[in-house]
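In the two assemblies presented below, chain A is common to both, partnered first by chain B and then by chain C.
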Partner chain A sequence: MMNPKTQNKVAIGTLYGVAGLVVLILLALLGYILVSGLPQLSWHFLTAPAKAFLKGGGVGVQLYNSFYLLILAMLISFPIALGAAIYLYEYAKDNWVTTTIRTAIEILSSLPSVVVGLFGFLFFVVKLRLGFSILSGAFALTFFNLPLLTRSIEDSLRTIDTTQREGGLALGLSRWEAVTRVILPAAVPSILTGVILSAGRVFGEAAALIYTAGQSAPALDFTDWNPFNISSPLNPMRPAETLAVHIWKINSEGIMPDAKAISSGSSAVLVLAILLFNFAARYLGKRLYKRLTSA
Partner chain B sequence: MFLSNDVQGNTEMLERHIVQPADAEHPTILSTEDLHVYYGKKEAISEGDLRFASNQITALIGPSGSGKSTFLRSLNRMNDRIATVTGRIMYRGVDINQPSIDVYEMRRRVGMVFQRPNPFAKSIYDNIAFALRLRGTTDKHELDEIVETSLKQAALWNQVKDDLNKSALALSGGQAQRLCIARAIAVKPDILLLDEPASALDPVSTSQLEDTLLELKQNYSIIIVTHNMQQAGRISEYTAFFNQGRVLEYDTTSHIFTNPQVQITSDYVSGNFG
Partner chain C sequence: MMKSTQQLEQQLKRHSKAAKLEIWGKVVSFSALILIVAVVVGIIGFVASKGLATFFTNHVSLWDFLSGKSWNPGVTDANGKPEVGALPMIMGSFLITVLSAIVATPFAIGTAVFMNEISPNKGAKILQPVTELLVGIPSVVYGFIGLSVVVPATRAIFGGSGFGILSGTCVLFVMILPTVTSMSVDALRAVPRYYREASLALGATQWQTIYKVVLRAATPGLMTAVVFGMARAFGEALAVQMVIGNAALMPGSLVDPSSTLTSVLTTGIGNTVMGSLQNNALWSLALVLLLMSLVFNLIVRLIGRKGRLQ
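== the complex of A and B ==
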C-alpha cells in the first residue's frame, strides 16, 4: 500500500500525463493541418471556383455553400431544439413519455452521420423530390444536429438554479414568463456554447451531405440574389458541395494535378473557419449576456 | 376572545395547544382551514390550521422535516405541481386554494423570499423593475420611484443607489437577500412569506435583516420560517411550533418561549432536541 500522499502524487502525475498527451495530439494534428495548408491559402484560393481537371482551382463556392448550409440548418434546428428542450425541462413531467423521448434523442444522437445521409437521400431527395439540393442537405443536417442541440440546451437550462425559477414565480410571473424572462437570458452563454459546438460539427460534416446536398458545386453568380435563379447563391434548390464534402471528394477521386495542395488548403480553411466562428460567437455571447443581464 | 382547542395529553403537559391570535387592532389577514399537504401518498401536513394577524410577524419554528417550509410554500401555492394541497386558504375572505383563482395575480399579493438569496442575472434596477414592466408599469418616473422606495424599505438604497445598473449577482449575500425583499415588496403585496431568509447570512447581515423586517411589518403582514429560535424570539409576535407535519403549539411568542404548554415544544425551545 502506498501512503495517501504518494498515491495522490502518482494520481496527479498520471492525470497531467494524460492531459498532456491529449494536448500534444491535438497540437500535432492542428499543426500538421495548418503547416501543410496555410501556404496554399490566397485570396484567389478562397474566392475562385473549383476546377475539375486543371491546376489552380479555388474553393470559393464550397466555402460559401458551407456557410449557407450551416445557417439554414441552424435556422431550422435551433427553434425546434429550443422548443423541445424547454418542453422537456420546464414543462414535461417525469413519466414514461418523456423517458421515451429522452431515450430516442440519445439513440438519434449516436446515429452514424452516413445513416442520416442515406435516410436524407431516400426521404428528402427521392421521396419528397427535393433532389440534391441545399434544402435536402439542410434537412439532413437538422436531423443530424437536433438530438445533440436539444440535449445541450436542456443541460444549459438545468444549470440555472431552480431558485431563479421560483423567484420569478413568486413575483407573480407565469411559468412561460419565468422561462423567457428569467431563465433564458441567464442561460444564453451556455446555450450559445452548445450552439457553437454543434455548429462546428455541422460545418465539418461530410457524410450526411454527400447524398443530400450533393457533390457538385455549380458556378454561382454572386451578383444575382434572386433565390429563384439557378445560379443565385441564395437558391436553396441547387446542388451544393460543401468544403468538407470537397475535401472528401478530391481525396477519393480528385483528378486535378494539385489535388493534394487543394485538399490541404481546404482543410486549413475548414479548421480556421471553425476557430473564427468559435471566437466570434463567444465574443457575441459575452456581449449578449452583458446586455441581457448587465453583468 | 380566545379560541383554544387544547387536547389533554399526559398529566402535566398538553398534547396540543393552539391559541389563535385575537387582537382587534390586527385582524386576521390569512388563515388555513382543514389544510392537508401530500407529497404523492405521503402526508406532509396533517394538522396546520392557523390564523395570521395582519401587520404582525408570525414565526414558524420546528425541527427539520417538520413541515414548516411545506406549509409556508402552500400559502402562496408555490407547491402547485409539487404537492397536493387540500383544504382552504382564506385570504381576505377568499379561498385562494381553488383552481379558479388567478394564481399569478394572487402571488403578487402574497410575496415570498427564499432561503438562499436568488437575485436574477439582471441589473439591480431590473431585478425590481422587470416584474412591474411585465404588468404594464412602463413609466420611467414611476418605475424609478418604486425602485427607490422598495430599496429604501429593504434598507439597501444607500449602498446601491449609485450602482443601480450593475449586476445584482455582484452583491454580497446579505445585500442580495435584501434586494430579494425589495423585489418582493415592489409589486406591493399584503403578505410577505419568508422561508429561512437569514440562514445563509452572517450574523451582522442577519441582524440588519431583522431590523428591516421589524420596519416592514408596519406595512406588511409577515410569516417567517426560521431555524433560529433567538430570531423568532426577537422579531415575532406569534409563534407556531411544527412537529411531524402538525402544528403542536401556537400562541404569542412570549408564551411559547417562556411558558410552553406542550412537552415537545418545551424540549425544542430549550434546545433539548431538534
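== the complex of A and C ==
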C-alpha cells in the first residue's frame, strides 16, 4: 500500500501524462492536416474546376457551392431560429407544452445528420420533386442547423439583464417591443458569435448533403448571373457538390489519380475556414459589443 | 350626437397599434417554433412509415430482421425469404460506439481534470482553444485522415486490408475526444469550490480530493458527456464509412472489413429503387438509427434527473 503522498504524486504525474498525450494527438492531427494540405493550395487549386480522370483539377466550383449553400441555409434558418428563440424566451409558459417543444428541439439536435439527410432526400428530392439541388440541400442544412441556432440565440437573449426588459415594460412598451427594441439589440454581439460558429458547422457538413444537394458539380459559367440559366452560379435548382462532399466522394470512388493531394488540400481549406470562422466570431463579437455598449 | 358616441366607443375598443404588433409578433414567433416541432414530427413520421414498410408491406418478420446474419436484400434464401438480416450492421455500430467510448473516456476525463483541477492556466491557454477548434472540424476530414494514416498503419501492424472496426474505433476516438473533454470540463466546473476547500482542509491530498470528492460530485455530468460522445459516434456516417471497409458481414475480428448502420445507408440508398424491398430495408436501418438516437436522448434525461435528486 502506497502512502497517500506517493499516491498523490503518481496520480498527478499520470494526469500530466494523459493531458500531454491528448495535446500531442490533437496537435499532430492539426499539424498533419496543415502540413500535408497547405502545399497543395494555390490560386489555381482554389479556382479551377475539378477534373474527374486527370490530374491537376481544382475545387473552385465546390468551394463556391459550399459558400452559396451556407448563405442560403443561414438565410432560411436564421429568421426561423430567431422567432422560435424569442417565443421561448418571452412568451413560453412553464408548462407541459413548452417542455414537449423543448424536448422536440433537443431530439432534432441529437439526430444523426445522415438521418436528416435521408429525410431531406425523401421529402424534398423525391416528394416535392426538387431533385438533387441547392434548394434541397439548403433545407436539409436548415433542419440540421435549426435546433443549435435556436438554443444559441435563446442563450444569448438570456444573458441580457432582465432589468433592461423590465425597464422597457415599465415605460409602457409591449412585450414584443421590449424584446425586439431593448433585449435584441443588446444581444446582437453574442447572437452573431453563435451564428458564425454554427456557420462553421454547416460549412463542413457532408452527410446531410450527399443525398440532397447531390454529388456532382456541373461546370459553372461565372459570367452568367441569371438564376434561371442552368449553368448560372445563382441557379438554386442545380445539383451542387460541396467541398466536404467532394472529399468524401473522391476518396470513396478513387478514380481521380491525385485524389489524395486534392483531399489534403480540400481538408486544409475546410480547417482554415473553420479557424477563420472561430476567430471572426470572437473578434466581431468583441468589436460589436464595444461599439454597441460604448464600453 | 348618437353617432359620435358610437365612434368613441369604437375608438376605445379598437386594438392600439402596439397591441396589434404584440399579437402579430406572438403569432409569428410561435409559428416559427411550431415549424421546428413539425420538422421533428415529420422526420420521425416519414422515416418510421418508410422503415416499417419492410415489416408490413414486405412481411419480413421483425425477429429475422434483428437477428439475421446475412444482409443481401436483393436475394431470397432457401425458404424464399429475402435476406435482410441487419445483425452485422447493428453489431458493427454498437461495437464501434462502445469501443471508442471506452478508449476515449479515460483520456477525456483525465484531460478535463488536468484542465480544471491541476493546471487551469495551461488548460485555458493551450487545451481549451485546441479542443474548441477540434470540436468544429468536419467529420469528412477525420475520415480522410483515417484513410491516409490510420488504415495504412493498421495494415502494417495487423496485416489484412487495414479497413475494419479497429480503424473505425481509432477515428471515432479522436473525433469524440474533444466533444467529451469539453463537456467533462463543464461538468467539473459545476462542482462548487467549497467542496474542494472542505476536502483539502480535512487534510486530503489533491488526488484524494479529485478522486473522492470532485469526480464523485461530477459523476452525472461526466456520464452525460460520455453518452453524448457515444451518440455522436453511433450516428457518425461518412468518417466511419471511409475506414470500415463496407462489407456487410458479421465482424469476425477487429481488423476484418465490416459495416455499420450508417455506412450501409450512405453507400446503399442511392443504388436502390424507391419502394422496392431493398430500399425499404435500408429505411428500416435508418429507423433503427433514429430509435437509438432517441434512446441516447432518454439516457441523458434519466441521468440528468437522477443527478438533480441527489
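Operating definition for what follows: the second predicted complex is superposed on the first by the 250 of 295 C-alpha atoms of A that agree within 3 Å, B and C clash if a C-alpha of one lies under 4 Å from a C-alpha of the other, contacts with A are read in each partner's own complex, and residues count from 1 in each chain.
One rule holds for everything that comes next: a contact is a pair of C-beta atoms (placed from the backbone, for glycine too) under 8 Å apart; a residue touches a chain by one contact, two chains touch by 3 or more.
It should be emphasised that the depicted structure is a prediction, and the values quoted were computed from it without experimental measurement.
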Q. Of the partners chain B and chain C, which touch A:Ile274 in the superposed model: first, second, both, neither?
A. second
Q: Considering only the touch criterion stated at the top, classify A:Asp221 as touching first (chain B), second (chain C), both, or neither.
A: neither
Q: Have a look at where A:Pro4 lands relative to chain B and chain C in the superposition and call it first, second, both or neither.
A: second
Q) Once the shared chain is lined up, is A:Asp161 touching chain B (first), chain C (second), both, or neither of them? A) first
(Q) Comparing chain B against chain C, which has contacts with more of the residues in chain A? (A) C
Q: Check whether A:Ala186 is in contact with chain B, with chain C, with both or with neither, and answer first, second, both or neither.
A: first
Q.
Taking the superposition on A as described, I'd like to know which of chain B and chain C A:Val115 touches: first, second, both or neither.
A. second
Q) Counting only touches as set out at the top, which of chain B and chain C does A:Tyr16 meet: first, second, both, neither? A) second
Q: Could you look at A:Ala170 and tell me whether it touches chain B, chain C, both or neither (first, second, both, neither)?
A: first
Q: Figure out whether A:Tyr87 sits in contact with chain B (first) or chain C (second), or with both, or with neither.
A: second
Q: Identify the overlap between the chain B-contacting and the chain C-contacting residues of chain A.
A: 173-174, 177
Q | Residue numbers on chain B that touch chain A, as the complex places them | A | 76, 78, 104-108, 111-114, 116, 118-123, 126, 130-131, 134-135, 165-167, 169, 180, 183-184, 187
Q | Partner chain A, residues of chain C touching it in the complex | A | 18-19, 21-22, 24-26, 28-33, 35-37, 39-43, 46-47, 50, 106-108, 110-111, 113-115, 118-119, 126-127, 130-134, 136-141, 143-145, 147-149, 174, 177-178, 181, 205-208, 210-211, 231, 234-238, 241-242, 262, 265-267, 269-270, 274, 283, 286, 289-290, 293-294, 296-297
**Q.** List of chain A residues in touch with chain B within their complex
**A.** 161, 163-164, 166-174, 177, 181-182, 185-186, 292-295
Q | Of chain A, residues touching chain C in the complex | A | 4-5, 7-8, 11-12, 14-16, 18-19, 21-23, 25-27, 29-30, 32-33, 36, 79-84, 86-88, 90-91, 100-101, 104-108, 110-116, 118-119, 121-123, 126, 143, 146-147, 150, 173-177, 179-180, 197, 200-201, 203-207, 210-211, 244-245, 247-248, 251-252, 260, 263-264, 267, 270-271, 274-275, 277-278
